[in-house]
Every structure is written in C-alpha cells, then in structure tokens.
Amino acid sequence: MQEIIHHTNPPGTPPRKGGLQAVGIFVFALVLWKICTGYDPSSWILGIPAAGLFTWFSLTQAESNYRIRFRALPAFLVYFLSQSVLTGLDVAKRALHPEREINPGFCTYPARLPPGSPRALFANMISLLPGTLSWSLVDGVHKVHLLSGHPMILEELAILESRVGKLFGLDLPEEMM
Amino acid sequence: MPPPALLYALAGIWISVIGLRSVLVEEHFFRKIVASNIFGSGVFLVLVALARRAPEGPPDPVPQGMVLTGIVVAVSATALMLALLGHLHDLEKPDNQEDPS
Amino acid sequence: MMIILDLLSILLICLGLFFFFASAVGLLRFPDTLCRMHALAKADNLALGCVILGAMYQQDDPLVIGKLFLIWAVTLLSSATGGFLLAQRIRRKFLAREGEV
Amino acid sequence: MTTGLVFDAVLAFSLVVLAIITLRQRTPGEAVVQLMIFGLLLALSWLRVDATDLALTEAAIGSGVTGALLLAALRRTGFGKPFPSAVSAWLRYPVTIGCALLGVVLSLVVMHTWDSPAGLTDLAYAHLKESGTQNPVTAVILNYRSIDTLLEIGVLLVAALSVYTLSGPASGTPVKPPGPIFRFYMRIMTPIFWLVVPYMVWVGGRAPGGAFQAGALLSGLGALTLLGPSPWPLRLKRRVVRWGLTLGFSLFLAAAAWMWQYGNLLAYPPDQAKNWILLIEIACTLSIGISLTIMFAGCAGWLHEDPKRAS
C-alpha cells in the first residue's frame, strides 16, 4: 500500500464534532427542506424539527473521519458527468451492435484509499467507468467485472482513484507503482 | 370511443376475476397469498377507475380514500398470512417438533 | 427563446428514451447476470439524467429544478448500491458453487 | 387524445397479461418479482386516472412493502422450490367457468352504469375549506371519514401484534452483514430518510402525500436498518419502539374522545381541524412505520433474535 499524504484528519482520530460543523449540516438540511417544500412559510413547523433530525443522524455516526472538500467538488462533478456520458454511450453501443462486442472477464485492484467513505465511494464510481462493474470489496481488494478486458484498465482505475482521493483531500499518484 | 377510465375498470374486473380463480384453485399457500394480492389490486383498480367517471373536473376523492385505506389493510392481511405461513413452516420442520415452546 | 428551450428539452428526453431502450436491449441480449447489470447500472443512469435534464428546461421555479436534481442524485446512489449488493449475492452463489465459500 | 387512449389500452391490457403471468410463475421467487412489477405498472395506471395519492401509496406499500414482506417470508421458508401442481381438474373447470361468468356479468354492469351521475365529488369539495387540509383525499381519510381511518390504524396495530406473537423464537436464518458499500449508503441515506419522512407528512396537507406514504418510507428505512450493521442499530423490543407502535392508535382514540364534547365522534371544529390532522398524521406515520417494520422482521423470522449474528 502506498503512502498517503493526509492534509487533515488522519484515520484513527475521532471525528470532529464541532459546533460549526453541526450548524453547517443544519443549514444544509434547511436548504434541502426548502427545495422540497417550496415557498409556504408554515412548512417550517415540521421543517425545523426535520432538519434537527437530519443533523442528529448525520453527526452521530461512528466513522466520519473523511469529509468532502467543497473546493474539489466542481472538478469532480465535471469528471463524473463526462464519464457518465462516455459510459452510457459505450454500453448502448455494445447492446445495440449486431455482433455483441462482449468478452467478460475479471480483474482485481488493491485499494490505495483508506477504508470508509473514500473506498466505498471509489467502489461505487468503478461501476461508472466504461466497461467496469465493482462486484466485491473484501480486505481492501476491489474485484472488478469487465465487460471486455483491455490492457489499460488498471491505469484508468488508478486515475479514478486519485480523483476520488482529491475529493477527500487525499493525494494519490495517478498511476500504480 | 370509450373513456380511458372505463378501460381500466374493465381491466380491473378481469384482474380480480383471475386472482379470485387462483385463490380458489391453487393448492400452495404462498401462491394463494400472491393471488389474493392480485385479487385485491384488481378491486382497487376498479374503484379508482370508478372515481374518474366524470370526464372532466377533479376525480371523486371518496373512493380514492377508501382505496388508500384498503391498500394498508391489504398489506396487514398479507403480513398476517405470511406470519401464519412461517409458523406453519416451523411446525412442519422435523427438528422443531420436540421443541416444547 | 421558448421554442429553443422546448426543442432542447424534447431532444434530451428523446435521448433519455434512447438510452432506456438500449439498456433494455442490453438486459435481454447480454450473456450473464453480471453483464446485464452493466446495462442496467450505466445506461439507465445516463437515461434518467437526460430525462431529468430535459424536464428541468420546462421549469421556471429554481426550487423544482433543485428537487429534480436531488431525485437524480438519490437514484444514482441507490442504483449503484443496489447493483453492488446484487453483484455480491451473485458472487456468493458463484463461490458456493465452486465449493470455496 | 387518441395517443393517450392507445397508451391506456396498451397499459390496461398489459396489466391483465401481467396478472396472468404472475400467477403462472413456476417458483415463488419469480412470482414475487412479477408481482412487484405488476404493482409498479398498476401505480402507473393510477396516475392516468388522476389518483396521484394512490399511485404513490401503491408503489410504496402495494409493490415495495408487500414485495419485501413476501421476499422476507421466502427467506424463511425457502426460495427455489417450484410450486406443486394445482388441484384436480374436476374442481378447476367449474371454478374457472364460474369466475369467467362473474367477470362477464361485472363488465356488463360497469359498462351499463358508467354514465350514471358520479358520487360525492361536489360534496367533498364544497367542504374542503373547513376540513383543515387542501388535499381532498387527506380530507376524506382524516376528516370526513376519519372513523374509518381510526379503525384501520387499529387493524394495522392488531396485525402487527399478531405477527409479533406468531413469530417463534429464533426461526429465521441470520443475515450475512453486507459490506462497506452498504454501510456507506446507509450513512448517507439515513439522515435523508429522516428529512423526507416529515416532508411526506407535511405535503399530505396540500398535495399528494400523507401519513401512509410517509409511514411506508419509514418502514423502508426500518427494513434497510435490519438488513445490515447500521450506525444506528434497531432493536424492535425496546420500550420506546413499543410505545411508538401504539402511539398512532392511542392518539387517534384520544382525539375521538376529546371531540365528544363537541357532540360528535371525530368531528373537529373547523378552526382546530388543521392542527389535529397534523398531530394525528405525525403519530400515525410513526406507528405505521413501526408496524410495517415489525411485520417485515416477523415475516423474515428476525423478531426474537439478533439479526446481526453472522453465520
């Protein structure tokens, strides 16, 4: 496993439960409530308790060591959306092509991201790349199902992993050692 | 041209008739439970379609309220039937027969 | 201006329908369950994204647009997780058949 | 107009075909999956006849919760075994013919009475202002006919208690804990559920939604929590859960008793109706959610043991 440079919050430290964070989550919940209910001011009778519940359930979870950097979010979203389009086109092409271009296979990929949210998000994102589907994650090893194997797949996974890492403020090299 | 709601009412009648037949004919309890769910869904579809008999204006909320109540009662009944089925299954298991409880 | 928005919205929704169709075809044509899940997990997400993007152009209210976006985000997460759990179950069955467990 | 009619015809026809397909499946597991698909298409057809409230409930409860209950029960009694063949032909043919006759008679009745004056729409809308809600369906179930709903919550409570009593000690096979991906999902979704459930309750006063839909959502969260190691484990035998189970019915009953002083059971004075309805909806949401979760756990055989014990 490669060395990971932690900007803040190395794993093992208890999650930060500062008042500032609680206020941030509460405001976020209020925004969500507002989006859902619209402009009726009487909705706050239920909205404020609901936002309180949201905050409480967000804060009282065991493993919140890693938090998303909002500065990294736009770049990640752009990458995510462009990959989604490529992936959808890829699958549609394979599905509609008269001769099925399918040659299923498997590969394994040792995780470099730390356990918890980063690793789980990465596993979910693997299913987003063209031709790959995450199908198990045991002891830090991702098993990936390939619609048709090609040699560059590990490099692509490494790029994706470093993108996910950046979202959590973790630096990973873009290629495997 | 028939009104769309009439089509759904007729479909609902035939769905419930099919479900009723299976409830009566099938031997396997689990299949009877599935069939009774289909039977109920057909009846609900008839009621919901009848609520839309007037071609314009809002639909009649009273049958709709009845169906809303009915859906929840139907799921309670299904749960009760399934619990009984599970209990029956436990009783029939050979290793549970000497269990005094 | 309205016409351009309408056209764009029609175009996006048709694109979404095309991807739904492709995913359904993939579901029927792909050889095994894991391959079929590729079709479901990927083309469907893009299709839903296109349809929602198309629907957004029909809305003036920014809150409704936000709501549509939330629907897409929650569906994405749920379908990715559901797909993973399904794949895990297939893997367990696969391993059990191989006799490794 | 014509396009809509073609769509309606295709949908109505495929509903009948799906019902037949569902009942002809070879194994229980396949039948359940077909039933869930049937439920979703049924919900779609209810959107076509302007019953959005019901479509939501059918998708959540009729398809989702019922399917989950059936699958949970199958987990306990065995998935793959094909159904045994049906009973002998001498019973099958008369029943089939009788049912077909019944269908023909009912169809003729519906077609002949179709244009007769429609029911209570005008009356229901005339009093909507005093009912304390803007959603006519909510007005029917929680004001005009609230006595029905009171009894219905009673039925739900009795059914949950029966399931509670029936599920024997430690009969279900324990569940294998799902991995980190599922935990990640639960970490994100649990707070969202707790925001969306109150939203469903609140929106029921204005637009489609309400206690039943919200309760179904809550039970979805309950079932997900039972499935895997959640940061917030759910112990259904805790006292607070049992209080929550009975809260809806008791509050509803208390409201009925309180209304007695105005001369009628559950006839709210118009100025108080809004608050009573909101209060009853919140309590009923909790109770419906807990009842359905208990039913799920009972059907899977997890009620009286720790479901997280891995095999």
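Per-chain residue numbering starts at 1, and chain names A, B, C and D are given in the order in which the chains are listed.
The rule we apply is simple: a residue touches a chain if its C-beta (ideal position, glycine included) is under 8 Å from a C-beta of that chain, and two chains touch if they have at least 3 such contacts.
Small disclaimer: the values here were computed from a predicted structure and weren't measured.
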Can you list every chain that touches chain A and also touches chain C? D
Most contact pairs found between chains B-D
Rounded Å distance between chain B and chain D, as computed from the means of their C-alpha atoms: 11
Just the number, please: Cα centre separation of chain A and chain B in whole Å. 41
Express in whole angstrom the distance between the two chain centres, defined as the mean CA positions of chain A and chain D. 33
Return the distance between the CA-based centres of chain C and chain D, expressed in whole Å. 26
So which bits of chain C are touching at least two other chains? 77, 81, 84, 88
Give the residues of chain D touching no fewer than two other chains, as numbers and ranges. 179, 181, 184, 192
What chain-chain pairs meet the touch criterion? A-C, A-D, B-D, C-D
Going by the contact rule set out above, which residues of chain B touch chain D in the complex? 1-11, 13-15, 17-22, 24-28, 30-31, 33-35, 37-38, 41-42, 44-46, 48-54, 57-69, 71-80, 82-87, 89-90, 101
Applying the document's contact rule, which stretches of chain A touch chain D when the two form their complex? 29, 32-33, 36-37, 40, 43, 45-47, 49-51, 53-55, 57-58, 60-64, 115-117, 119-121, 123-124, 134, 136-138
Please give the residue numbers of chain D that touch chain B in the complex, ascending. 4-5, 8-9, 12-13, 15-16, 19-20, 22-23, 28, 31-32, 35, 38-39, 42, 45-46, 48-51, 53-54, 57-58, 61-62, 65-66, 69-70, 72-74, 76-77, 83-87, 91-92, 95-96, 99-100, 102-103, 106-107, 110-111, 114-115, 118-121, 124-125, 136-137, 139-141, 144-145, 148-149, 152, 155-156, 159-160, 162-163, 166-169, 171, 212, 288, 291-292, 295-296, 298-299, 301
Please output the residues of chain C touching chain D within their complex, sorted ascending. 74, 77-78, 81, 84-85, 88, 92
Show me the residue ranges of chain A that touch chain C in the complex, using the header's touch definition. 32, 34-36, 38-39, 84-85, 87-92, 94-96, 100, 102, 104, 123-124, 127-128, 130-131, 133-136, 143, 145, 147
